[in-house]
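We call the chains A, B and C, going by the order they appear; numbering starts again at 1 in every chain.
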Amino acid sequence: MRTLTEHIFFETSQRRELINITARVADFVAKSRVQEGFCLVSAMHITAGIWVNDEEPGIKADLMELLERLAPVGDYRHHRTGEDNGDAHLKRTLLGHQATLPVTKGRLDLGPWEQIFYAEFDGRRRKRVVLKIIGE
Amino acid sequence: MRTLTEHIFFETSQRRELINITARVADFVAKSRVQEGFCLVSAMHITAGIWVNDEEPGIKADLMELLERLAPVGDYRHHRTGEDNGDAHLKRTLLGHQATLPVTKGRLDLGPWEQIFYAEFDGRRRKRVVLKIIGE
Amino acid sequence: MRTLTEHIFFETSQRRELINITARVADFVAKSRVQEGFCLVSAMHITAGIWVNDEEPGIKADLMELLERLAPVGDYRHHRTGEDNGDAHLKRTLLGHQATLPVTKGRLDLGPWEQIFYAEFDGRRRKRVVLKIIGE
């Protein structure tokens, strides 16, 4: 069995942002030399998620608007702790915080329009994503 | 390590549809001869998802109604590209697009009522799901 | 390859409850003696889910309130079967029913505040979660 693990870091300039990380994940897969396996991409901070969808500005704005409509910035019980990011915890939850990507013949086995995004909901500080691959 | 990968295809007659694929996934697991491992089921088109829940017509209709309520057919920024399926991208996102199924003693290790569904939100054309198993 | 599978059981005293299972999952990982791999945690009953987020009472209440707002207790088509838990099926769906946890150097590779929760939406009866690890 082959395995490789890396933590990659993000420090966004905006509070909410979608960052396409497909090329970084593909590079990681190549570096691992795994031919057949699974690559996990998981946001390690609880106010960020992972999205597998389209590199198209319109749908990216639509996603952010949907999440804002369902889990808006507002007054949450969580804020009694002094935090102000309750909405970010809930947005991560609705979006999902990880994806498992199939690796076939040494490459990400993605659909024609599938791109991998890091979804930041409480940025402007250093945050981490784990990439881990297992296979052979 | 054993591994097997297959792409299966769907072309639904309706735009939105839930298709129970449990038997197909079970056949794939048997064919792989993996005794202990993980089987990934992932929708490769970004307007379709995977649902693990109940083969009961009522709850299937309730799910579709929930997704229509939260991410309705409507006017999205994505449509400036000429597409009309913004809601389908968002429904896939809320539902989730993949499941990892444990395989134990050569069989899917599912709960008593867990069934696996392909969830189509923009059908009537040929679309793909990847099945991939790794284990021993 | 190493692999280990366990089913753990819950019988909550309340209908809806969040139970922190991080220590149980960590014990399972240690017992498996896997150094590098993936640990799947998946709710096997279709009215329960898995949440990876913060052990903080405020955000836990916020999550339950969000899910109640999006998929409220109410009158569902599913209830024609005699069931009364349609909302619980839908809450599981929006939350997600599983997580894949990276295991690195023999330990759960979680972010600083990531905790693993069993999310019960129709409790007061015996229900099951599968833990399965594969790796080396």
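One rule holds for everything that comes next: contacts are C-beta pairs under 8 Å (C-beta built on N, C-alpha and C of every residue); 3 or more make two chains touch, one makes a residue touch a chain.
No experiment lies behind these values; they were computed from the predicted model shown.
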{"item": "Neighbouring chains common to chain A and chain C, by label", "value": "B"}
{"item": "Numbering shared by both copies at the chain C-chain B contact, with half separating same from different", "value": "different"}
{"item": "Centre distance in Å when chain B and chain C are each reduced to the mean of their C-alpha atoms", "value": "20"}
{"item": "Contacts with two or more other chains, residues of chain B listed in rising order", "value": "1, 38, 70, 94, 96, 100, 134"}
{"item": "Chain C residues within the chain A interface of the complex", "value": "1, 36-38, 51-54, 56-59, 61-63, 66, 70, 94-96, 99-100, 102, 104, 109-114, 134-136"}
{"item": "Of chain C, residues touching chain B in the complex", "value": "1, 3, 5, 38, 40, 42-46, 70-71, 76-81, 86, 89-90, 92-94, 96-98, 100, 128, 130, 132, 134"}
